[in-house]
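Every chain is named by a letter (A, B, C and D) in the order it is written, and numbering of its residues begins at 1.
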Amino acid sequence: MTHTILIDCSDAKGLVHKVTGVLYHNDLNVVSNHEFVQPETGRFFMRTEIDGNMDAERIHNGLSGILPADANVRISENRKKRIVILVTKEHHAVGELLIRHQFGELNAEILAVIGNHDVLRGFVGQFGLPFFHISHEKKTRDEHETEVLAKINEFSPDYIILAKYMRVLTPKFVEDYNNKIVNIHHSFLPAFIGANPYRQAYERGVKIIGATAHFVNDNLDEGPIIMQQVIPTNHTQSPQEMAQMGRDVEKITLANALKLVFNDRVFVSGNKTIIFD
Amino acid sequence: MTHTILIDCSDAKGLVHKVTGVLYHNDLNVVSNHEFVQPETGRFFMRTEIDGNMDAERIHNGLSGILPADANVRISENRKKRIVILVTKEHHAVGELLIRHQFGELNAEILAVIGNHDVLRGFVGQFGLPFFHISHEKKTRDEHETEVLAKINEFSPDYIILAKYMRVLTPKFVEDYNNKIVNIHHSFLPAFIGANPYRQAYERGVKIIGATAHFVNDNLDEGPIIMQQVIPTNHTQSPQEMAQMGRDVEKITLANALKLVFNDRVFVSGNKTIIFD
Amino acid sequence: MTHTILIDCSDAKGLVHKVTGVLYHNDLNVVSNHEFVQPETGRFFMRTEIDGNMDAERIHNGLSGILPADANVRISENRKKRIVILVTKEHHAVGELLIRHQFGELNAEILAVIGNHDVLRGFVGQFGLPFFHISHEKKTRDEHETEVLAKINEFSPDYIILAKYMRVLTPKFVEDYNNKIVNIHHSFLPAFIGANPYRQAYERGVKIIGATAHFVNDNLDEGPIIMQQVIPTNHTQSPQEMAQMGRDVEKITLANALKLVFNDRVFVSGNKTIIFD
Amino acid sequence: MTHTILIDCSDAKGLVHKVTGVLYHNDLNVVSNHEFVQPETGRFFMRTEIDGNMDAERIHNGLSGILPADANVRISENRKKRIVILVTKEHHAVGELLIRHQFGELNAEILAVIGNHDVLRGFVGQFGLPFFHISHEKKTRDEHETEVLAKINEFSPDYIILAKYMRVLTPKFVEDYNNKIVNIHHSFLPAFIGANPYRQAYERGVKIIGATAHFVNDNLDEGPIIMQQVIPTNHTQSPQEMAQMGRDVEKITLANALKLVFNDRVFVSGNKTIIFD
């Protein structure tokens, strides 16, 4: 059994020494250790992996005694994260996660896939996983979202993954799952915010297209960026071909970003991420 | 001696056959041949490289006889292009061009470097090339630009290269050198248009930064894109470090874009480029 | 209906003119056209896409009349290619193809998956496709391969895809399907030929790992390269983590290479490919 | 003034706590901290940046008291490294370093450039730096190298940079400057070891070419790799064009690798590097 300790607090002299002291005096074996102080906020971030048995409560108390009052301390067993995936009609991002999940490569347990359309029911079923269709038709945004949230809450997931879920979330939803919702955006943010990014990219004549995996905050395309990847394009490619190439980069970018998130390697600080990889 | 024939016109059946017929009946040796029809404009683009002696006027007349009335035909000897470089204070983009020029790798002759500041005079002089300081201080934009244009016109350059020239050009300037001005922009356009892109990139917490080489039209950051390149970044890098990394990608992107332009491989169609590489 | 015409022959003056003449006089609409002359062989390669109805035999005869005697002319309807996939135990490469196939993104029809182990039977079955287990145990290489070839021949495939098939093919097999077998190799060839490339890469301390999709000739890791892709790695990654990252790049590299092959964009010339993309 | 403390030793419980304790009790301000334990050697590596005044000897003694007996401790002021560059005839790698040096971007002081040919004398002189021609003609390898070493030793450099120095070094030379010699190799090692790598790459028909910056040990192309970078190529490019593209990637790869080395971010462990970037 291994554990990960995640600490963030205002910076102070001797923090690493004090934190590692608590671990040392509890006879814990540190496998890896990362620290970072963000210049513009003066905030200290630390991630420590522990091998072997550990009394999490005792360590938590020990750390509370030596850290500044504003510290957040999270101690997580290195178990698979529990996730719910939201989709609309596109298969590629969810398909990548379903295959990795089936072969134990996702470091997460997919509890359910929820779609506002029914088109991916069969596909998800092929992988033996439950699919719930919650149509948005003839409902207000609030009504639809309340149903979706109710279904999600049944599963108490650690994270919600928007795998090409083409609906804007309300601030209420985002607040309930603060820094727990990961989206894959079909462009190299902040370029081409909004609809039809590949059409936009085609019309602008760009030579590279990309994808951005990010946490969702109030504004769909504006949350903290976890990972970005790109591929070259050229004048011969139609918007449809760009979109197909984009799907490849989207699915790999999402899967790689989730690997970081599920391994507790990502801190959020304001609108940015700090990633210890 | 080799020549390049560049044709663009509205598409019609048999164009390749007819063009290559003119070349064949003139006993010319085609080294390479590229064609493309742009779907949204229905426009035909063709680039042909000829090896051996050629009567350019005769070929021009022959092609005019078989091409649509709206055809543009350019026949260029494959000689070095004549260029003038505009700079402000930064050395990296112009430095890359000066070194390549010195060792015959640029496929261009640098006729002059003009700066609105005097700081790069010594650096340019190290390479034995003329530097002209035309200060913008105490002058209107028009007054300054008139002086700059007058100096440029003395050299009758094929192309003007903005190697980190931090002044916006007037529409008049751009019109005089339509599709003959290449700029290197310090971001992955269309992200981070405008000032301080690395500061913007830092604040947005992006994971990739890039550079864009493009022709200049009326709007400084909006012309047809020739080349884009990117490099990864992360949360540990300050805006200054991002800027330093950005300089590397800027200078290589500009040099590579110019290689395409100087080898007559780039067509402009509206706000896009068609590149036969 | 569209067709693709693929020609390769020794170079001669006027070939493009003559070929396009046959097409023009048959009133065919050329959508795209690529030519290349390979310097070291003096061989001419041409790929032409035709839109609209076409009498393939008539065009074939017309081209034979004007091309050198050593010309190969292939005219293919742009239909889905018919393929058989060979696997061993790993799921990622075949999984990528199964998903693209299900959603019509592969431009191929998967006729069967054949494994020398039985572990992927269930996985292939999830996609509703036939899986055949032909064990190599207690058989000579020739005996096993004869069985595999017999099964493959039942389907008369256009191409055989080695999606992490960990068996060396005999020269007889390769000869039967000359330039029709595509393999994905788990390294950036020619680095790390042979077994355990990720272990080799780890021990050499490389900073980039890659994958190579190539046609198979006599020597498993030596055929004409179609596509290569890479990803960065570093000292913190174990051979297992490198292998997992490698699987991502392998599957995308294979899928992208097959897209080129299935769209008739790849010529083989000796131990190299010429790709019109 | 900042300092960097570099420690490597066999791993033991509590090392980070003990090291940071020495720093804390000396009232030092830790700016950044990295640790890594190499699995296959069980060796601990730590890099710490200190801001403010520091009594290096006192810290050295303090650390010696708490670290295992096999520990190497290096404390370096963050000053520019002193370097000598060795060249043959090619300008691109040394040119990149000369320009960065002139504008204070190299974090190193170039003391001298030594060439076994005289062709770059003028070029180095343009940057106001001393060039020494030590011809290898009519000398044994040992005789030539003795002269080169004598000249190098006059400058007592921290590092020797082989910027396309096309001579194999003797074991004696390498031993004298163990882990202090950085070479740029014109291929993606371990592919294409030896002469004419671009010719080899062309003949193999690879789709990507690369460069490798590495420390030199006994075997010229076999030392610990610091950085590797790649660029795509295709069938249209001649060996000469591949070589030109290769020069771009070589010079940037070398410059970026040196940035890591000169900032004390690179440990060598056996034939590998551990890089804290």
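Rule of thumb we're sticking to: a contact is a pair of C-beta atoms (placed from the backbone, for glycine too) under 8 Å apart; a residue touches a chain by one contact, two chains touch by 3 or more.
Since the structure is predicted, the reported quantities are computational estimates derived from the model, not experimental observations.
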Between the pairs B-D and A-D, the one where more C-beta pairs touch: A-D
Distance from the mean Cα position of chain D to that of chain A, given in whole angstrom: 37
Separation of chain C from chain D, taking each centre as the mean of its C-alpha atoms, in whole Å: 41
Where chain D touches two or more other chains at once, by residue number: 36, 236
Topology of the chain contact graph, where touching chains are joined (line, ring, star, complete, other): complete
In the complex with chain A, residue positions of chain D that touch it: 13-14, 16-17, 20-21, 23-24, 27, 29-37, 232
Residues of chain C touching chain D in the complex: 36, 38-39, 188-192, 203-208, 210, 224-230, 234-236, 238, 271-275
Chain D-touching residues of chain B, taken from the complex the two chains share: 91-92, 95, 99, 102-103, 105, 123, 126-127, 236, 244, 248, 252, 255-256, 277
